[in-house]
Structure formats: structure tokens, C-alpha cells
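The structures considered in this document are given below.
You will see chain A twice below: alongside chain B first, and alongside chain C after that.
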Partner chain A sequence: MPVDNRRLWTPEETIPPEFITKYRPTTELVNQNGKRRDGREANQHRPTYLKAGAISQAKGSAYIEMADTKVIAAVYGPREVMKREDFTMSGQVKCVFKFATFSCKTRQKHIEDDREKELSMTILEALKPAIRLDKFPKARLEIFITVLQDGGSALAAAITCGSVAVADAGMEMYDVVIGCSLRQIGERSLIDPTTDEESHRSLSQSDEKSNETSQAMMTVALMPSINQVSSIIQKGELSIDGAKQALKQCLDTARKLHPVIKQCLNKAVEAKLKR
Partner chain B sequence: MAEILMSEAERTFILHGIQDNVRSDGRGCEDYRPIELETEVVSNANGSARVRLANSDVLVGVKGELGKPSLDTPEHGRLEFFVDCSANATPDFEGRGGEDLALEISSMLARAYDCPSCLDTQALGIIKREQCWVLYVDILILECGGNLFDAVAIAVKAALGNTKLPVITVRKDENDETELEISDDPYDCERIKILNAPCIVTLSKVGNQHIVDASLQEESCCLSRLMVAVTENGTITASKTSGSGSLNPESIIDMLESGKRAGTLLNKTLHAKLLEEEVKVGTKKKTMGFLT
Partner chain C sequence: MPTEECIRIPGERICRTDKGLVAGRGTYECNGQIYSSVAGMQLKSDKDGKVHIEVQREMKQNVLPEIGMIVTAKVTNVNPRQCKCAIISVETTSLSDPFRGVIRSEDVRSTERDKVEMYKCFKPGDVILARVLSLGDAQSYILTTAENELGVVIALSESGATMVPISWNEMQCPATYAKEYRKVAKVQSDHITQNG
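The block that comes next holds the complex of A and B.
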């Protein structure tokens, strides 16, 4: 591992206190009335606030808030590609995804780790099919996404936020991309999970029953107007029918978010025209 | 991934063939190319396997070391996947060229194996919060002939099945300090159960059809693919799309179905082959001389 010497030194090995405490939440994830800990139905998305144009210096930017999940994205370029060997006739897109160091339960490192690198690649794969790359040959568009607070479903929020930022930058696109996550715990599928619901396995490790039920997490990126899925990423065991069902539920929820994005982009355009 | 240049006529030829369920090498859309498998090829590793899937060549070595368990799973051992895209495979991998592909493969494998039913990591734990087995699964890509993910997953599963870890006993000495005792008999070893471990099936969308096990030529005709990690009983432990295109929701469902079919068949064939290999190598100590 490369060591970053320029920043303030902390002890070489530290443990967040949550791992030592014996505290476990006592309430069930879903109570008898079918309500989740935050009072939502199983298939209900958290209330979402979306704003385009959050960073004035960037070509395009967006900010999304899904209750405790807060993500900001900025788009710069397209800029000329300076290195000769990177030359291509279609446009290039670069995506950097970062968790702010204080955004998660455990502290994140400043240096990009493998998880962030993989998420960057996933977001890039989700956004690229929506962007008209032939419109900016020999140039590169740069998307920077930072998670300010991870309250669950950060990847889905980042995909939506990134696509709105690209649209806000005035890039020609086939469609916007909407991300949606689902957490499957046994028979229960929870749309748009919070961090508690995402990490449910590690909380209830001691009871043996939880090992037998399926535990999975799926994130889907949908382009709603042309009905195309640009990316799926899933982990954890699911049966084939379970996977199909999860996919359908994610797509349905993503379609419901489409009006929110439309309205947000409309507002941004109106604000730009007034200026 | 390694790119090859192809003319428009060649592309059309491949595309039309796939539409009629006859591919350029005579296979159907859900057929694999011939697979060669060898286990126990590296004597210094705890387990190893080499897989050759037509022109794709992959060597996997598993080394077991003792380490500290991760914080959120104090009683479990863990697996670490490292992929090395050697520049022998294609000059594109020289320097940092293969890094993205390597990360993509290793994270897909890590996700596929990260579920309690497919690999029992609890059996790899030794002392809670203190000691556990860390299995370093190192994957070396020697030749790139299309469909790397599937070849790598087969090789990883075979290498894990071949892995022999020495038996460790935990004792307390007179000062009440824990001591680890490692058996020095090389035949006194533990094996890893891999019956439920997944195989990855890559489904490439070419035209309106999808195919399994795409060759390099077919890969360059395909804009988007879906990778699914399938276990023998047909469940999916991880999935992911890749490529620059997008997919229709209905076609994803079809692809999941054929992924399940191809995956269960692949797992069955692999298990039969591994059993055969096991008999050939033998698990019993061979007695030699009069004094043993």
C-alpha cells in the first residue's frame, strides 16, 4: 500500500469504537405492520431532493439528497486530450468517485481504494451509454462525484446525480440515467436501503437463521425514456426468479423518480435563462 | 481487453451466423469451446490450477497464510483475489495497461465468493479476533483469447478445490498463552468445500441474440455483456454488466435464464472433472519401504 506522507499522521492501526461495543439495534428491520425503521413501506423510496447547478464554477453540477444520503457531482470539459497515445475519434469520459473521509461509519482513506475504483468504473459504465460521445471527438469529459454522507444506496444516488450533472453541463444525451438499489433479506425486498439495512448481515451474525436466508444487494441504472438498462451490479445469493423480481422492482422505482429529474432540469434551465 | 481489428464484412458474417445459431467455429449460441484443466501444477502453492479455454490461458495459485480477521467478521477467514494481466498475453497490458481489467476481474470474483453458502469462511477462522487463514488467490493471465472471466472463474474454483491447508491445533501452554501447533505431516491437511462455489458465465449481446463464451472476434462485435456468477443449483451470487452499450430489460431476463442453464451445466462438468483429477492424484499417503 502506498503511504501518504503529506497529510497529518494518525496511529498506524485504529479501530472504530462501534466494533468493540456490544450495542445492537433491538427493533426488527420491518415491524408487524410492514413498516421499516424509518416508517417507510418495503417498496417506498426515500423522499428525494435534487438540484442541478450546485457548483457555480463547474460546467455542470448536481446535488442529491435521499434522507441521509448526500452526494454532489461536478462535470468539467470536454477538454482536449493532451497525451498523443490517448487519441480517439469518439469522445472520452472519465469518472472519479470518492467517499469523503467522514462520510461513512468507518473513516475512509484519502487515497482512492479498490472499492472506490470499482464504483467509479460502474458509474462510468452506467453513464457512458447515455452520452453522445460522437459529439465531442478528441476530447475528454470529466465527472467528479463525492459522497458527503453515506446513508445507504450511495451508488444509486451517485448514478442519478452524475447523469443530472452531465445534463446540466449541456452535453447531448440520449436520456438521463436513474439509479435504484434493492436489498433482499430472505423473502423481504427493501427498495432504497439505508446503511442499517445494507449491513444487516454483519449485525445479526450470531443468530444462525440469518445464514440460511438469501442476502443480496442489487443496483440498477435505467434510461427511462428509451427503456434501456445501462448497468446492473448485484452481490449476494439470489434465485433466478428472485433476481428477475428484484430487477423489475428496481426498474419500477426508477421510473417513478423520472418526474423528479425532469422537474429539476426544467428549473435549472429556467434559472439559466433568467440570468 | 485486447482489441482486434476487423472489417465490416467479417462482422456481418459473425452477426448473421449467430442469428442462425451457427457460430464461425460451428458452435451453437450456448456452447462452450473445449476446456483443458490441470490441477496441482505449482508445487510451492497450497493449491493451483491451470485452465485453457481455447486460446485463453490462465494459471491460478492459492497460498494460505495466517493473518488477522477483518473487523466486521471476527470469526471468519478471508479470501484475497489478485489478478496479474501479464504483458505476455497482449502488449496492451504492458505497464499499467491491464490494471482496470485486473481490478474488474478481482472485484467480480470477490463479490461472487462473498456469500456464506458458496464458501464457508467460518471454517477458515482459527481464533476469534486474533488468527485466521487468509487465502491469497493469485491469478496470472498468460494468454488472452476471449472470455477471460469464465476461464478465470473455472481456474479459481479448481485451485480452491485443490487447496490443502495444514491442520492447525490451538493449545494453551502452562502460562495460559495460546499456541498454534501446525501439523508437520504433509498429508494431514484440511480441504475447502467448493461444491457450492460459483462459476462465472459471460453472456455477450450480439445483434438481437446473446451468446456464451465469446471468442475474441465475437467480443469485438458485442457492445454489452452481462456476467453472472452461477452455482450448481442455479442461484446467482453476483452479476454485473459491462461494455459500452445498454440492454433491454426483457433481454436481460432472457440472458439470466440462459446464464443459469449454461452455468449449472458448466458446474456439473467441472465437478465431474475435478473428481476424476482427484482420483488420479490421490489423497492417501503412498507407503514405501518396510519401516513406514
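The block that comes next holds the complex of A and C.
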């Protein structure tokens, strides 16, 4: 993305006051009863709202909200590929993932940074196997995903949102793709982590210094009907058994989200038929 | 048997392929099962003795030029070897973004292919009907007008009036009566749909 010199530049870096005040929540990530800060069980997904057709100008679009995590996706095309070098006989997919400048605790740049580029690739990897590329030779489908607020598990939300947007665009797909994240802290695995749970290294504030044995974050993209995993992203270290367990938990939770997607697309189709 | 008239989403299993059921548009077949591949309404249609299961989207399907389809294009550039054009609609659906097409001089008409003079067939700005010959190369689709029904449909004269066809290779301006050469299409009603 080129730099826009006419833009009024904000300071290089801004830090919200909460960092200066050294605010520390007093409660632990998981209390004695096994409940998390927002009152969820360890294996409970946040309530999810999904809407297809949120952007009228786009060919297809979707909006997902999982408590504080809000992601919007738009799909355009298939368009003609202009550059001769980029040409392939099968269809192409382009994916642009962006954190809105105001979405995270620290301000994001307008320009796509390395993290966003990497996440774009990851999402593309997760969505591409589900799309029937043979149906649009010589053309390119463009998916734009923007995180409006990052309340944790933004990648998983982006994958789900992206796939619903592609389905809403009427593109032929083998299946929808559902993303689900898991945060492993020591023995505890937390499904659908919030930003706090993503960033903390231990469950309680008191032993912040102590290093738990396993620290990992796993995101799985599942195609539920054909029961295939299109992508697994793991950061950190997990034992083989731990990874198996984490994968299983992610898949179980992803399957639970399938009815939400189904209902949302049903509604979108009904709305189109009425018009 | 699948229930009729219900909404399907991508990846949803519809039915098995036995009992003479065939996977039609908007569906795919895998391991003897028919799955939906678009979000839309499930329909059944009989084609040559077989029941086709289709999932159709009320919104226009994603159309792209395919081999054998008739497209409407606007001429953008003419040179002695070929004529470049922008495909603006495929069959009856108009495209949101134009695709590039090219008509080579040997594909302009079916007779005397080697004697074609491109400047006497097309001029930039003409609206033409053409058939997709092949998906072509990276740059463009290859089109052909080598049929009586294909060729220039709308053309403006030097004075800017819409010209009237007077023969298969000539058009006349109604304002100045000047004649210009074109590869004129013998327009048939089933190749044209009136929009709005």
C-alpha cells in the first residue's frame, strides 16, 4: 500500500493511558470454580453473532461479532487479472487482512505490516481449499477482511467471516470454513481466548514470573460437512498429546458453530429471494 | 429423497447419486453423494431422462465468458491483424468488470478468411456480438464473428448517428447517407434481450 502524504499524520506511536496507570486486574484468568473472567467455562465459546450481506457495494460480505472481537469481510470479483506475470489458468484468490487503526490496544498503522501480511497468507491458506477455483479460470476473487475490534481470537473470527462472505458472494465452494482458537497455559486449555488470555503467560497474577511448562496458541480451520481441516496454525510449544487434545477441542467447538453459519446464510438467501 | 424447495448452504449434503439423480449446477459429487456448492434454493429439473439436482442463487450467477458462449463486446482497438475489445456482457447477463477479448483477422468471417481487411470490418466504439472461441492466453479471450448472426450490431457514423445495416458488409448513416464498411451481424431475436 503506498504512503499517503496528504494524510494528517498522528504521532509515530500513541499509548493509551491504561498502560501508564499500570492497571492490573485483580482476578485470575481462571478462578477456583474453573470460571474465566467473563464467566465462561474453559471450553466455552463466546456468544457469536454472524450476519451475511453487511456491505451493500460488495459482491458478498459478512460481519462477525464474538463479544469484543468484531470483524467485517467483503468479497469482490471475480475480476480479470491485469498483469501478465500473475496469469494462471485456474482461478486465483487474493486476501487482504487488516487491523483497523483503532482496533487494538496500541494504534495500528494504515500501512499493512508484517504481522498482517502473515495473517493474510494464513487466512488465504485456510479459505482457498474450500473455494472451487476451476469455476473461474483467468479471474481473481478478492477478499478484504478488516478487524474492527480485537478482543482476542481475531484470526479465527476472520476465517469464519471470510468464508461466509465468499459464500454470500455466490461463489461455488466445497464447504464453508470455520475457525477456532485455543490458548494453552500449562495444563489449562482455554477455548476462544480473549486478548487478556492471549497475552498472559500464567493463570494467576501472583506467579507472573513463573514459567508454565507449555505456552501455546492454536488456531484450526475446519470444513465441517466434509470433515476436513484446511489449516492448523500453532504458536508456542505443545506436547504431542497436548496438541492432539487441543486439536480435538478446537474441532469440537468449530462444529458447534456450524449451525450459526447455516442459519446466517439461510437468512441471507431468504432476504435475496424476497427482493 | 431430498425435500424440494429448501435452502442449501455450501457443503451441505443433499442426497445420494443413485436413483438416477445427477449433480447439476451449483452442486458437486463426492463419494457417491451430492453436495451443495452455493448458498441458494434447491431445485430439480428433468434433462434427458435424468433428474438433475441444482442449487440456484436468486441473484445472478457468477458469469464468466466460457467457450461457445455469445458475448457482447465493445471494440477498443483495431489493427490489421486483430481487433481488441472489452467484453461487457455474457449471454444475457452484464458483467460488473469488463474482460478483454480479441478477434483475430482469420476469425472475422467464415469465407475468404485470408482476404479480411480489419479496417473494413470493425471500428473502435462499435458494439459487437461474438462467440468465445477459446479462453486464450493471459491477456485476453479469443472471440470469433465467423457466423452470419455475429458481428457489428451498433455502430456510429462519422457524423455520430447510429447507422443502419444495408448489407452483410455495409452500413449507412441515416443523416448523411454515407456508407461505411462493417462486418454486420444479422441480428436474431434470441441473441438479444432488451434490458429495462
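Criterion: the second predicted complex is superposed on the first by the 247 of 275 C-alpha atoms of A that agree within 3 Å, B and C clash if a C-alpha of one lies under 4 Å from a C-alpha of the other, contacts with A are read in each partner's own complex, and residues count from 1 in each chain.
Keep this in mind: contacts are C-beta pairs under 8 Å (C-beta built on N, C-alpha and C of every residue); 3 or more make two chains touch, one makes a residue touch a chain.
Worth saying up front: this structure is predicted, and the values here are computed from it rather than measured.
Asker: After the superposition on A, what does A:53 contact: first (chain B), second (chain C), both or neither?
Answerer: neither
Asker: Scan A:228 for contacts with chain B and chain C and give back first, second, both or neither.
Answerer: first
Asker: Per the contact definition in the header, classify A:80: touching chain B only (first), chain C only (second), both, or neither.
Answerer: second
Asker: Looking at A:236 after the superposition, I want to know if it touches chain B, chain C, both of them or none. Which is it: first, second, both, neither?
Answerer: Once the two structures are laid over each other on A, A:236 reaches chain B alone.
Asker: So, does A:167 touch the first partner chain B, the second partner chain C, both, or neither?
Answerer: Touch partner of A:167: chain C, not chain B.
Asker: Given the touch rule stated above, what does A:138 touch, chain B (first), chain C (second), both, or neither?
Answerer: Only chain C is touched by A:138; chain B is not.
Asker: Can you pull the chain A residues that chain B and chain C both touch?
Answerer: Comparing the two interfaces on chain A, one with chain B and one with chain C, the shared residues are 130, 223.
Asker: Which part of chain C faces chain A closely enough to touch in the complex?
Answerer: Residues 7, 9-13, 26, 28, 30, 35, 37-41, 57-59, 61-62, 64, 96-100, 135, 137-139, 141.
Asker: Report the residues of chain A in contact with chain B in the complex, numbered from low to high.
Answerer: Touching chain B: residues 15-16, 19, 114, 117-118, 121-122, 125, 128-130, 199, 202, 205, 211, 214-215, 223, 227-240, 243-244, 247-248, 251 of chain A.
Asker: Under the stated contact criterion, what part of chain B meets chain A in this complex?
Answerer: These residues of chain B touch chain A: 71-73, 75, 100, 103-104, 106-107, 111, 114-118, 224, 226, 231, 234-249, 252-253, 256-257, 260.
Asker: Report the residues of chain A in contact with chain C in the complex, numbered from low to high.
Answerer: 59, 77-81, 84, 87, 89, 130, 132, 135-139, 167-176, 223-226, 261-262, 265-266, 268-270, 272-273, 275
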